[in-house]
Structures are given as C-alpha cells and as structure tokens.
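Note that subunit A is present in both complexes that follow, paired respectively with subunit B and with subunit C.
And then the complex of A and B:
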C-alpha cells in the first residue's frame, strides 16, 4: 500500500492546489496574529477563518480529487491489489497532504504566537476537522457517479455544517428559550464537528462567560475530563463512520 | 482453470448475465462473441472482480475470486477502452504498474519493442491517440508473463501493422500453453487464433463449442460462415 500512497502523494504535490492552500493559510494566520495586539484576539480571529476554510478546502479538494482518480482506480483494479487498499491509500494520502498543509500553514504561526493549551487545541481540532471533512468527501464521492452531483453534495454538506447548522441552533435556542434545553444543546452541538470544535476552543479561551447560562452548562460538560474524552470520541466517530461507510460501498461497487 | 458457476448480474432492469456457467481450461484460446450489449464485457469484468455478480460464483484454480486479489497476479487484462491517469506519462504508468506488481520473473518486453513505445515514454497519456493507448494496454497485459490473458477487443483502433504484431504475439502465447480469452467483432481475425467459441446473447450463452465441432457441424472453415449457419439452424428450430 505504501507504493500506492507514494504515487498518489507525488500526484497531489504536482497538483499545486495543496501548496496554494498552505500559502493561503500561512497568510491568514500571520496576518491574524500580526494585526491583533494580544494573542487571544489573534486566536479568536484565526479560529473563525480556520473553521470556514479548512473544512471547505478539505471537502472540495478531496471530492474533486477522488473523481479525478477514477482512471487511476480503474487501472489499479485490474492489478493484484485489494480494493480496500486502493481506497485506504487514497484516503491516507489526501489526509496526510492536507494535514501537512494545515500544520505548516497555520501550525507554525500558532505555535509561535500562542504556544499554550489554546494553540495546541486549535492544532488538534484543526487536524480533526481536516480528516473529518476528507472522510465526508469520500462518502459524497461514492454516493454518485456524476461528478457535478458529487461536488454539489459536498458543497451542500459544507454549507450545512459551516453555516446553516449555526442558524438552526440559534433558531432552536430562541424557540425553546422558555424550556431548560441547555443539556440538550450539548447533544445537538455534537451533530456538527465544526460547532463542537468552536465550543471547545471558546471554552478554553474563557470567553464562555459571554455565552450566558448555556456557556456555563457547556463549561460544566466540556470542561471536565469526561466531557473531553466524550467529545474526542465523538470526533473520532465523525472521522471513521463516513469513511468506513464509503469503504463498504466501494468494496461492493461495479466499476 | 477458471470456472463461472450460475453467475447472474442485473443493471437496474437489464439482466446482463443470466445464469451463465462456463469452464475455461489451460491452453485454450476462447473467443467470446455476440451482439453489442450482450454481456461480454460484464462477464470479463466479473472474472477480474471489477463487477460483482448478484449471485453465482467465480473460481480461479479452484478458489473463489471474491475477497481474494492474489489471483490477479496471473491475469493480464487489456480493457476495451483503456483509461489511464491523464497527467502521467507512458513511462510513469508502466513503471508504476511494475512497482505495484513486483514481478519475480523477467518482464516480457516484446511488445514494448515491437510497438516502439520507448520512443514515446515521455508522452503524457492525455496526448495519446486511441491506437497508442491501445498499444499501452496491450503491452501492460503481456508484460508480466501472466498465465491468463483477457483481451477485450484487442485490435479495435489499432493500425493494420500493429494489429498483426499483436495477433502474432497472441499466437505465440497460445503455443506457450496460456489461456487466452478474446472478445471481438472482427470474426476474420479470429480464424487462425481460437480453439473454442462462445456465443452470447441477452446475457445467456447460446452455445459453447470447440472450433473442431463447429467446423465439422457446419462444414465451413471460416468462422463467419460457420457462425451464420449455426445461428440460422438455431433460428429455424
């Protein structure tokens, strides 16, 4: 499988999109920290940029790359290679290259300007988000043969997770503000990895006071060891379920 | 060597393989013919594990091919329309496949030289003509000295000289005792190649006979005439 990963990685490097993404992230991060006078503000600015761009690039690039690899996959299928190996190699090399881009582009400035637990949290959660959205991209790419449809599904999913979900939560909180729904909101927030990541970092930044009582409930949950373990576990589920589902579908696909 | 047992496959409403059972023996050179869309390519792809039959089994040397990929080491496959990564050069594609298959015996580079592909090694797959792509497919199929060769319309798109080179190569490999499965619509080029013939229609096998019996039954030497006679007889029945 290493040989296949090597070939895919070489191809991704030749593609230059990942390089551009690295430069873009670096530009955002350096300017976010350079413009703000304290690192907490810088982290907050960067958080919003990262939570929008990282999932978008991960899901779009991965989806398009999978569709463009159709010929490569077809060529390898006639060779003595397990199907699951081809799919896993594709997944690992996409994750690896996008993680590398994220850690170089955003990781270096974060470690320089905010070398504390918040910075570390940002790096870990950014990496999680990258892998999660690559994983979702695999699911939407296997769902249909039509490239335009597949990319459309990916775009809609990104829109949902990055923007619509927030609105939905806000709507729920307003509609049910008369009821004690704070505990339920913890559960609901787990339905979107981006929201989970945002809450986890905001709580670390101690700006949760601004979120009122809900913030206090969140802090009570996400602040504890158990809460951290549960949320990391949920993030792992977000990583593995879409990919394994797509792997199952790929194994049974006619090509 | 390869046995297909009651294979069925349905694409939405179309039954492409309808209870197909075939045995292929070592040393045979079998032609798979039939009208367009009769299930030839699906049959070939299911031998290769690219299409998974709804029911039925496919065995390679007694072992079921599902969930086992090692048997493909012994197969050289030339697809009808070879699709290759567009931004790779011919050299890179061949190198990559070599790298992945890790052959433990010397490569069979006859076709590589006869088609003079080394001169084109630096050319990208996206710039190649259909015929040159076919040459790459053929070279890759024969490169690893496989025991089984599966050729899906091998000469379609090749110029006459290259087609002759390929045909000569097929005959040489046949005399080496390999199993060769060919699909083709050009019956005349099969005349001096094949030892048996399978005729498929609507996902079913209409008949599977050796060339000897076909020639005896019809009294014709040429496949096209013999086939016409057999099909006429079957229509009358």
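And then the complex of A and C:
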C-alpha cells in the first residue's frame, strides 16, 4: 500500500495543480494579513477565503483526479491487491497532498501572524474541511461512470454547502421566526461542515454581536468542552461516512 | 526689631481671629475610646448649631444615628459606624451638615423605607466627602435636597439580585447636586436620578453594578462629564428627560442581550459629545429621541454601534468614528428622519478623487444583514457566511430592502483624531 501511495503522490506532484494551489493560498493569506491592520481582522478575511476555496479545490481536484486515474486503478486491480487497499491509498495520498498544500500555503502565514488558539483552530478546521471534501469527492466520483456527470455532482455539492445551505437556513429562520429555534439551529448547523467551522472560529474570535441572545446560546454549546468534543466528533463523521460509503460501493462495483 | 514686632502683631491677629471664630462657630467635641464621650449619640445630643464633632477611630454600633442640627461631623482615622444589618446608619435632617472621613457599613435591608448608609432628608447644602460605604442597602440617599455636594466617596456593595440591593448614589426630587469623583460598584444602579434638575455628575467611576451604571429618569437640565461606566449589567440608561449634556464619558464592556453602552429613551434636546463607546453589545440605543446632537464620539468594537429605532426624529449624527463594530447601525423600520453626516466608517469602500478628505460616493451604513437580524435574531447563525456577504454587497450597490435615504452623503476617508 505504501508503494501505491508513493506512486500516486509522485504523480500528483508532477501534475503541478497542487503546487499552484499552494501558491494561491499563500498569496491569499499573506495579503489578507498584510492588508488588515490587526491579526483578528486578517483571520476574519482569511476565514471566508478558506471556507470558499479550500472545499472547492479539494472536491474538484479529487473528483477529476479519480476519474483520470480510472485506467491506473483498473491496472492495479489486475494485481493481487485488495480493492479496499487501492481505494484507501488513493484517498490517503489525495488527502495528504492537499493537506500539505493547505498547511504550507495558509498554515505558515497563520502561525506567523496569529499564533494563538484562533489560528490553531483555523488550521485544524481547514484540515478537517480539506479531508471532508475529498471524502465527498470520492462519493460523487463513484456514484457515476460518466465523468461530466460526476464533476457536475461535485460542483453542485460545493455550491450547496458553500452558498445554498445558508440560503436555506435563512429561509427556515424566517419561516419559524415565531418559535424559539435557537437550540434547533445548533443541530441544523451541523448539517454543513462549512457552517460548523465558521461558527466555531467566530465564537473563538469573540465577535461582539455573537454575544447577543443567539450568540449566547451558541456559545453555551460550542464554547464548552462537551460541545467541542461533540462538534469534532461530528466533523469526523463527515470525514468517514462519505468515504466508507464510497469504499463499500467500490468494493462491490463491477468495473 | 521691627520684623519681630510685625510677627507678634500677626500672631496676635491670628489668635484674635481664632478666638472670634470659636466664639461664633461653636465648640469642638471629640468622641473616642480615650475621651470622656465614648459614643456618637451623646455627643450629638450635647452639640448645638455650628459645632464640630470629631470621631476617632473605632467601631461604633449605635443603631440609627440622626443628625438634626447644622454640624460638622468628621472622622479621624476612618472610624467605622455599623448598622448591624438592622438600621439606617446615618440620617441627616438638617441644612449645612458636613460628613467626612467615615466608614459606614452594614445598613439594614428593607424595601418599604429604603434604609441607606447615609440618607439625607429635605436638606440643603449638605456635604458628604471622603467616606467609605461598604455593604449598605442604599449607599447615599438624597431625598428632596438642594445644593448638595457628594465627593470622593467609595461606595461598595455586594449585591447579587436586583430586588435585594439599592442604588449607590440615589437622588430623588433634588436640585443643583454635585456628584464628583465617587467610585461605585456592586449596587443595583451606580447613580440613580429621579426628578433631579440642574445637577452635575463629574469624574465618577461606576463599575460592575447589577443593573445600570447610571440611571436617569425625569431629570432635566443635567450634565455628566468624564465618567467611566464599565461592566454594568445593562450599561447606562437615560430616560424621559430633556436637555441632558453628556461629554467625555466612557462606556465600556456592557455585555448582554439587553445591555447597552447608552440607552436613550424619550430624550430630547440633548447633546452627546466626545464620548467613547467601546466593546458593548450595543453602543448607543435610541428610542423615541428627538433633536439630539451626537458628535465627536468614538464607537469601537461594539456588536451594534448604534441602534436607532424608527421612532427617533431630527437627530444629528455627525463627525463620529465608527470603527470595527460588527454592525455600525441598525434600525427596525424604514422611516428615517435623522441626519448622518461626515462620519468616519471603517467599512466604507469608496474613493476620494478630489482629495477633499470626504468620499465621493455616499455611504449606506445600514447593511441588509443587520436589518435581517433585527427582524430575526436566530439568523445570526449566518454571520459572515459567504452568502450573506454576497447579499450585503449587492444591497450596498442597489439598496432595495434597506431604506435608501439612510445615508451619509459625506463619509470621511480618515478617522477623526479622537
């Protein structure tokens, strides 16, 4: 398995897209911190960039890469290797390369400009988001043989998590504005890893308006040790469920 | 020789003056463990108009002490007068009384007759200076007084619930009061004014009180300068009042859903100048206020810089700095009858081609999201989400849901040096 990972990693590095992604993230991060006069504002600016670009690149690059390595996978299947090993190796090497790009590109400026718990939280959650969206990419790539359709599904999923989901929440809050829905909103926010990451970082930042009643309810949950453990567990679920589902499908697929 | 003569002359004149003053202004009575008079009450019954009573250090537990003559009542070495949690400690029922240098503690608790550490009834020209009031129900209570001075007192209590504690300095139906350089914490309201006119509140520090740092009701023609209000349960409230002047005060760290740096309700013809509003849930909250001039203030790091309800009219908000607030402005309606001009908004993204230090395009300080939040607080969940930012940006370009006359025509390019 290690040899497969090595092989795929080498291929990804040759591809140069990940390198470009690293440079892009670095440029965003350095300029975000350079333009804002204090590190908190820099973190806030970077937060939006990270929550948009990281999932987009992760899901698109992973989906396209899986489709492009279809022949390579078929070749490997001819060898006496377990199917799950091939799929896991592909997953691990994609995660590893994208995580590496994220930690080099955004991690270094964050650690230099915001070396506090907020910066650390940002790095951890950015890494989670990367892995989660690679995992979702695996699911959408295995869902269909048609490449255009698969990439389409990936893009739709990204659009859904990054933008549409928030619109849906806004709609829901207006529909149920007569009811005390603050506690329910915590549950709803867990249906999108991007939203969860954003709320967790904002609460760490102590942004003043979050201190209103709604903010207090969120803080009561996400601010406690139990809340943190639960939300990290949910993020792990987001990582594992799509991937295991895709692994199950891959094992039973007639290639 | 001549100089010596001059000196003796001067000395004899001085002695003469002292002699005259003793004759005219009464005696000095000393109270203390080493003196003939060991308690305050006998000394008070011996004294007459114009006397001075000096109380030496010690603990005095004598129930309710009533001063009913114009005397000077001084403490030496901060003697402690204790109310044993049963009595009102010191009651003043005479004009021209001076109380200074005492520690007054443990007054009784009663919601019917509101006992205080020091309570002044229907008196004029009372002076209360340099006292330490600890764990009293009300700190200093002025009832129907005129021309009184309350200065340099430290007033501390340990209130836990609003119902079980009174106010630090409570003035009711008074006039021409001077409240200067007091330090108040742990009471219900730090300073409370009801029907108090022509008074000045200057250089006080009111922190960590349970309800308001300063609470104003029906008190016209008052001013407060250079006070600090920090960490109070609900900030500062000014209600049902005309002609209030607020200059150079600091309102800090008043957190909570119903906490405001400064709450203005039914205020008119007032002036808010050079104040700092820092780290409050809402910097200024205005409801039913008319003809207020708000200028040269700094509103920084608040959740909401200013909440102006649609019931406000003819207010002028000019030359203020709005810096790193989550929302600069929010309102609950579409009616705008107030003027915004020449403020500095750190969220302004316009340009200044003619270099006159004001932006060339007007600024809409009201963001769509703040309107949404006003109607629907749980939507706070979406704060800083990409979709909300998209909505905000498009709303800034083409205001459709927010009132388009909510506008600063001359936004500043640079912050005012405040």
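Please note the rule applied: the second predicted complex is superposed on the first by the 251 of 255 C-alpha atoms of A that agree within 3 Å, B and C clash if a C-alpha of one lies under 4 Å from a C-alpha of the other, contacts with A are read in each partner's own complex, and residues count from 1 in each chain.
Here is the rule we go by: contacts are C-beta pairs under 8 Å (C-beta built on N, C-alpha and C of every residue); 3 or more make two chains touch, one makes a residue touch a chain.
No experiment lies behind these values; they were computed from the predicted model shown.
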Q: Could you tell me whether subunit B and subunit C fit or clash when both sit on subunit A in the superposition?
A: fit
Q) Thinking of the overlay built on chain A, is A:254 touched by subunit B (first), by subunit C (second), by both, or by neither? A) first
Q: Could you say whether A:4 touches subunit B, subunit C, both of them, or neither, answering first, second, both or neither?
A: first
Q) Which partner does A:148 reach: the first (subunit B), the second (subunit C), both, or neither? A) neither
Q | First (subunit B), second (subunit C), both or neither touched by A:225 | A | neither
Q) In the superposed arrangement, does subunit B or subunit C reach more residues of subunit A? A) C
Q) Between subunit B (first) and subunit C (second), which does A:75 come into contact with in this model arrangement: first, second, both, or neither? A) first
Q: Working from the superposed arrangement, determine the closest approach of subunit B to subunit C, counting only CA atoms, in whole Å.
A: 38
Q.
Per the definitions at the top, what is the overlap between the subunit A residues touching subunit B and those touching subunit C?
A. none
Q.
Per the contact definition, I'd like the list of subunit B residues that touch subunit A in the complex.
A. 11, 45, 48-52, 69-73, 75, 77, 79, 83-88, 93, 96-97, 99-101
Q) Hey, which residues of subunit C end up touching subunit A in the complex? A) 255-257, 279-281, 301-304, 324-327, 372-373, 375-390
Q: Write out the stretch or stretches of subunit A touching subunit B in their complex.
A: 3-4, 7, 11, 14, 69-72, 74-83, 252, 254-255
Q: Sort out for me which residues of subunit A touch subunit C in the complex.
A: 41, 44, 47-48, 51-52, 162-164, 166-167, 169-170, 173-174, 177, 181-182, 185, 188-189, 195, 198-199, 202, 207-216, 218
